[in-house]
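Chain nomenclature is as follows: A, B, C and D, assigned in order of appearance, with residue numbering initiated at 1 for each chain independently.
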Amino acid sequence: MQLETHHIADHNQSRAEAHQRKLSYWTNEVAKAEPIIQKLIDFQIAIPSWALGTGGTRFGRFPGGGEPRSLEEKIADVGLLHALNQASGAISLHIPWDIPSDAQAIQQLAAQHGLRFDAVNSNTFQDQPDQAASYKFGSLQHTDPAVRRQAIEHNIEVIRHGVALGSDALTVWLSDGSCFPGQLNFRKAFDRTLESLEEIYAALPDNWKMFVEYKAFEPNFYSMTVGDWGSSLLYASKLGPKAFTLVDLGHHLPNANIEQIVAILLHEGKLGGFHFNDSKYGDDDLTAGSIKPYQLFLIFNELVDGMDARGLDHARDLGWMIDASHNVKDPLEDLLQSVEAIQLAYAQALLVDRVALEEAREANDVVRAQELLQDAFRTDVRPLVAEARRRAGGALQPLALFRQLNVRGQLIGERGAKTVATGL
Amino acid sequence: MQLETHHIADHNQSRAEAHQRKLSYWTNEVAKAEPIIQKLIDFQIAIPSWALGTGGTRFGRFPGGGEPRSLEEKIADVGLLHALNQASGAISLHIPWDIPSDAQAIQQLAAQHGLRFDAVNSNTFQDQPDQAASYKFGSLQHTDPAVRRQAIEHNIEVIRHGVALGSDALTVWLSDGSCFPGQLNFRKAFDRTLESLEEIYAALPDNWKMFVEYKAFEPNFYSMTVGDWGSSLLYASKLGPKAFTLVDLGHHLPNANIEQIVAILLHEGKLGGFHFNDSKYGDDDLTAGSIKPYQLFLIFNELVDGMDARGLDHARDLGWMIDASHNVKDPLEDLLQSVEAIQLAYAQALLVDRVALEEAREANDVVRAQELLQDAFRTDVRPLVAEARRRAGGALQPLALFRQLNVRGQLIGERGAKTVATGL
Amino acid sequence: MQLETHHIADHNQSRAEAHQRKLSYWTNEVAKAEPIIQKLIDFQIAIPSWALGTGGTRFGRFPGGGEPRSLEEKIADVGLLHALNQASGAISLHIPWDIPSDAQAIQQLAAQHGLRFDAVNSNTFQDQPDQAASYKFGSLQHTDPAVRRQAIEHNIEVIRHGVALGSDALTVWLSDGSCFPGQLNFRKAFDRTLESLEEIYAALPDNWKMFVEYKAFEPNFYSMTVGDWGSSLLYASKLGPKAFTLVDLGHHLPNANIEQIVAILLHEGKLGGFHFNDSKYGDDDLTAGSIKPYQLFLIFNELVDGMDARGLDHARDLGWMIDASHNVKDPLEDLLQSVEAIQLAYAQALLVDRVALEEAREANDVVRAQELLQDAFRTDVRPLVAEARRRAGGALQPLALFRQLNVRGQLIGERGAKTVATGL
Amino acid sequence: MQLETHHIADHNQSRAEAHQRKLSYWTNEVAKAEPIIQKLIDFQIAIPSWALGTGGTRFGRFPGGGEPRSLEEKIADVGLLHALNQASGAISLHIPWDIPSDAQAIQQLAAQHGLRFDAVNSNTFQDQPDQAASYKFGSLQHTDPAVRRQAIEHNIEVIRHGVALGSDALTVWLSDGSCFPGQLNFRKAFDRTLESLEEIYAALPDNWKMFVEYKAFEPNFYSMTVGDWGSSLLYASKLGPKAFTLVDLGHHLPNANIEQIVAILLHEGKLGGFHFNDSKYGDDDLTAGSIKPYQLFLIFNELVDGMDARGLDHARDLGWMIDASHNVKDPLEDLLQSVEAIQLAYAQALLVDRVALEEAREANDVVRAQELLQDAFRTDVRPLVAEARRRAGGALQPLALFRQLNVRGQLIGERGAKTVATGL
């Protein structure tokens, strides 16, 4: 399935008039529209290779069809997304699910689709068939040095794969923790984990970053050894300047104020990147913006404010990635929805009148501060996002075009109805 | 692996003196000891067939060895547990994981182990390989009548299997719900589910009960069609006198007061049974009593009080079952711990001075009411539970004997190190 | 402080052109705009008398100035709001804080402001200075019949006040419950509460409704005797056809799916009304729509759908009220923000393409169902709400006009800077 | 009301035989009993001055009688508690509620009761009648330097009072935060708060500690500027070696693993002290051990383990304090219950077989690790705690003696039935 240029051209042509009418409000009334469109064009969200197949829960998995059977097909899928929205120009691999046999060929293939390789992800939360030691009781925290050694070596191997592909960051998500009171000596687990991380850190190339991801619970149900931003920051601070905290929106206790966490981490210079998704109960891994779109906006409000305060490049200085599980949706459609929701939140955050906001804050004018944020959030920025896509060569309505072209049907035709992609 | 009578006799002999010394406190000081021991002997907790193997999460599963490979071996495992603690005299089957090829032979086998068949469980939350319609979007709630029909027929088939085995209850746990706002018309889903349940209800034999289990979230992450006790009670009330609510301790929102729910359901005559486990975050399915033992006691406090108020037989009139997932423990050891914790909570609840408690309540003497509950909870009732086991023919210390006899080692020898039991 | 007609006329005049430009999108492109505007004009949200002053927490209260010192001044404040937004045409009184000395005069005063009297509220969660018995250990649940008698009589007196003012509903919110395990016999508390409610119910005039409000926690921190929608529905069902459940958005456990509760209650014919506010942690009583605007929209989505399914009149058949606590905002500004947020959510819910939504649901097209809801939510409906206000005689931008006229300053001038209104 | 020596002697005499019988199990069977008793004797828990009166919620307060009307009477109350249990030998004052007019006299009075002065507490979460600037929008975080100045000076004044009384620690609990998205620039609020804390820190005497308390929510309902242990640790680390984190059990998001937080903070050398209480929903401030006694034990398990690992003196190197609100109980009875629950948890933690536990952990024997903890928790250690009290000169059953002597009745006789102590 290859998306042809005329597909997008035809689609955009057929919607051009309606689009221009909606856009005219912006071009006529809002001075800020043009820089926002530029920023949207630059802003790319990486797609994780494991998000291209149907996800599941411990209770079951209901695969769809036409899922990618190989790394090449995964790249093709991300290429498709990127052709449609011109905002998914990176792919995040997961080792060992995506070990490239020929790194150079894979890199060329990605380049043909306009894709670069984002952070690479290690996996020490599952046992692989041929694995010597088991991660049943943890990996970097394990009491047995042989298990830690294996997990450290695996991470270093992941870095090597990443180097070969042109990636420049390693994401370490650990499921390490405990399921029962008593199981773990928290102090020793902390120290062992830190030591293991130090060895991995030492293997990082100069221009690389390490992202230390935290999670409050699951798959361990009593304690997680990197359980919250406080722990992650502690590890990252002890590790050194190349270590950063990675925030996954679904990895918090109920009611956590994630936007405040983001602000503080950015302020400390220790925010590394983001895993976008949405959730109502736990790490539900739902489509970004599908449950709490205002929270997503508030997070972007802090991101924009905090990155500007530090002079960071929105598009390049932090890692942006989706991490969702598509249990009941077509994975590619779900990803298109997620990217759109993220772009809308970003655009709305760019729309906030920051000078007025700071004035309201200085004056403790709470009503006005809320009005300023909600003014931006209540504004319909869809025409801006569509225009950014259009200018970058993408489709005005990616999801509509995806369906119109029957992309999934074609993928099923090519790959079969019973394929199951690697992943959760 | 067969537990011989002399194993238990030897074990008990070796610990007899220490046991008697601890028990003497009770026999000398506490008038109530004898009736509590009797009630403990009568109290049996069913073991679900799927809890005999290692459980897992969506992130992975780390099986142990010697897991049962057949229904016969599952019965043997429960027989082992029951021989050790004389408190696990029932088994709860799950269809289609446990379809008996020869029901009569299975019933005889169970009888040899002193086991009866508790509630049978249907499964419409997973697709079976040969299944015509998919439950991806629900079963009894499904918009497609063909899917509902399939799910209804499956439940009726489960009843037939149950009848053949001498069971007298059907547990219906539905994963039906939705993952995203908009996906479901809540009203129509309620009505379709109710209609489907009515058809199943109509197929119940006269002496059967139907347990309608509720769950707040997972595997659906936006709404569950039987999501809380209020919904379950609504369904059960509309269905009729044979329908009851089943409470699983892990199926609530954070901070729910489960003991109050239990009290109200019992008061309404609509509490059907219990799935015991423990949890900190969600449906963690941890060992009963491992996280919140005081909550377990408070629940038993309501159960004892409410059953006595209605003249119910503690041992027979409600369904008691463990429903846990043993991700990091030996399943049989985990079950021994769960049963022990449940027995302790029950014994402590029996110890509460109810006359004094009602007096304190009438007088709004909150301090005294708390003291009365905590007096019972702080009392070390382990000698009572051990004595009940001893008298019933079980081991004083089931877990110690399990390890001393190297039961797991023997099971691995018989069954192999790589067996994986059916289940989650 | 009296708002003059020319104030609004001048304000609207000055903003007419900008408003028309934004509105033209609607009048040109959206066929549905006109009926939505009509429905918005009809939709009135009652203001509770206790929300006109600054609220506080147990840690402190920081009053502003110019708060109403009497029932007459409270009516004047609501009159002001209504003059500004033409959507706050009702006031909900709280007894004993608002006992009218001359009901007829008060009714006339309200009528002059275009206000009617919504549900009256009883208070058995505080002790009044002259009160014979204390509610320390509950009111309708109390073990002492004398306390229950006092609480019942109080509620009946509240009905009498309501009748005199032309109200037709009683809201019963009970803080009854317990702070510690053991304190309460849940069954007896349920029965006593039900009996007390039955006596109050018997005193309801024929055309009256009783709203049974539930709350998960606070001010009791272990159990609440009407703790969730399941309990409330149980009471309301036992009481009879005039009893309904009232939903306050802040009265749930973390992560509760309130929109599903709303749908089921409506479907059962037992939803009586709503207390609007917003919250992140508990009963935070924040401005409606300030934390989770999408949830507010989803609730209205169910309300519109469910009311239409039963042929209910949106504006008249349910009780709509704000219940918030303005700890850090000017109460009147906060209420203007809340009403606006509610109107926006209602307008967006009216915008949903219900035919397409039901089609998507029937086809289990989850992606499309989400798109349909989010299309409505992402639409900027502010011009519609402003137009509805304008046509009804209100201000295009009530908050802006409020500030421009320096209403608070004038109220402080009239009433003083140190006034404190009755309330929490 | 003065407790006479013979009161305790008579009480203990009358219960001596029963006590000895229960204790004999320990003296005969448990080698560890004697050192545990010694540690219990040394372990003292400070009583906050504001916990001697009835607390309340924003919905109401139901005072009891005989509450202390002055600092002298508060000291007398703590003296009474200490005479009864010999475990409450410290008092924690709150400024401005407890400003001593004559520090020396107060110190002498306390000494007569065997009391020392624990950490002093500042209050910048309420406005005092004569206060120049308002804390409505925060104190140390405030945008206005004059407000910060006032709050800083207040804290320095609190230190001065503490010095005069022989205290050696300042507890800073800030309610600073925001109620609405947009209200606060998180970064600037962090910086301003840090700067303010630095000024206070600079005023600390050499031998003093500063405890930075965190809280997740309430009274601010969107963000708290010191909101979790991660923030508190960040402030404390930037401040210097005399700054520590203070943990209040009720100040967390739902389901937080507090014992792990404790372990990590201890490991970092940054745990300063504890506020004990219990809760089910939020900062419910219930009696310690009344809701989750196993959690309290698990926390002490980490405390004992972590303090021993660092060679800390259990009794002296951390600050132990109760912080509860007695809404429905007699405050003194509530405090007796809290102290007892804390002592029981401490004794059980001392009972844990740490060598075996570490062995089990090294071997990933999760079942055994749980057994070891639960063995300790299920043991009835009440005789040990009673014996420690007896040896120290206290009563075997303080609560029973408190009631037998009708202490509250006498206090009401002395002080009146309508007194209201300062506090929340």
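Quick notes on this one:
What we mean here is this: a residue touches a chain if its C-beta (ideal position, glycine included) is under 8 Å from a C-beta of that chain, and two chains touch if they have at least 3 such contacts.
As the structure is a prediction and not an experimental result, all values here were calculated from the model.
Touching chain C and chain D together: A, B.
Common neighbours of chain A and chain D, by the contact definition above: B, C.
Inter-chain spacing, taken between the CA centroids of chain A and chain C, is 39 Å. As a whole-number value, the distance joining the C-alpha centres of chain B and chain C reads 43 Å. Shared interface positions of chain B, i.e. residues touching 2 or more other chains, are given as 136-137, 179-181, 183, 216-217, 222, 254-255, 257, 280-281, 287, 290-291, 294, 328-329, 364, 366, 370.
Of all residues in chain B, those touching chain C in their complex are 136-137, 143, 178-188, 190, 216-217, 222-223, 227-231, 233-234, 252-257, 259-260, 263-264, 266-268, 294, 298, 301-302, 305-306, 309, 357-358, 360-364, 366, 369-370, 372-373.
Contact residues of chain C toward chain D in the complex are 55-60, 62, 125-127, 134-137, 175, 179-181, 183, 216-219, 221-222, 254, 279-282, 284, 286-287, 290-291, 325, 327-329, 424.
Put simply, chain A touches chain C in their complex at residues 21, 25, 29, 254-255, 257, 280-281, 287, 289-295, 328-330, 333-334, 337, 344, 364, 366-367, 370-371, 374, 377-380, 382, 399.
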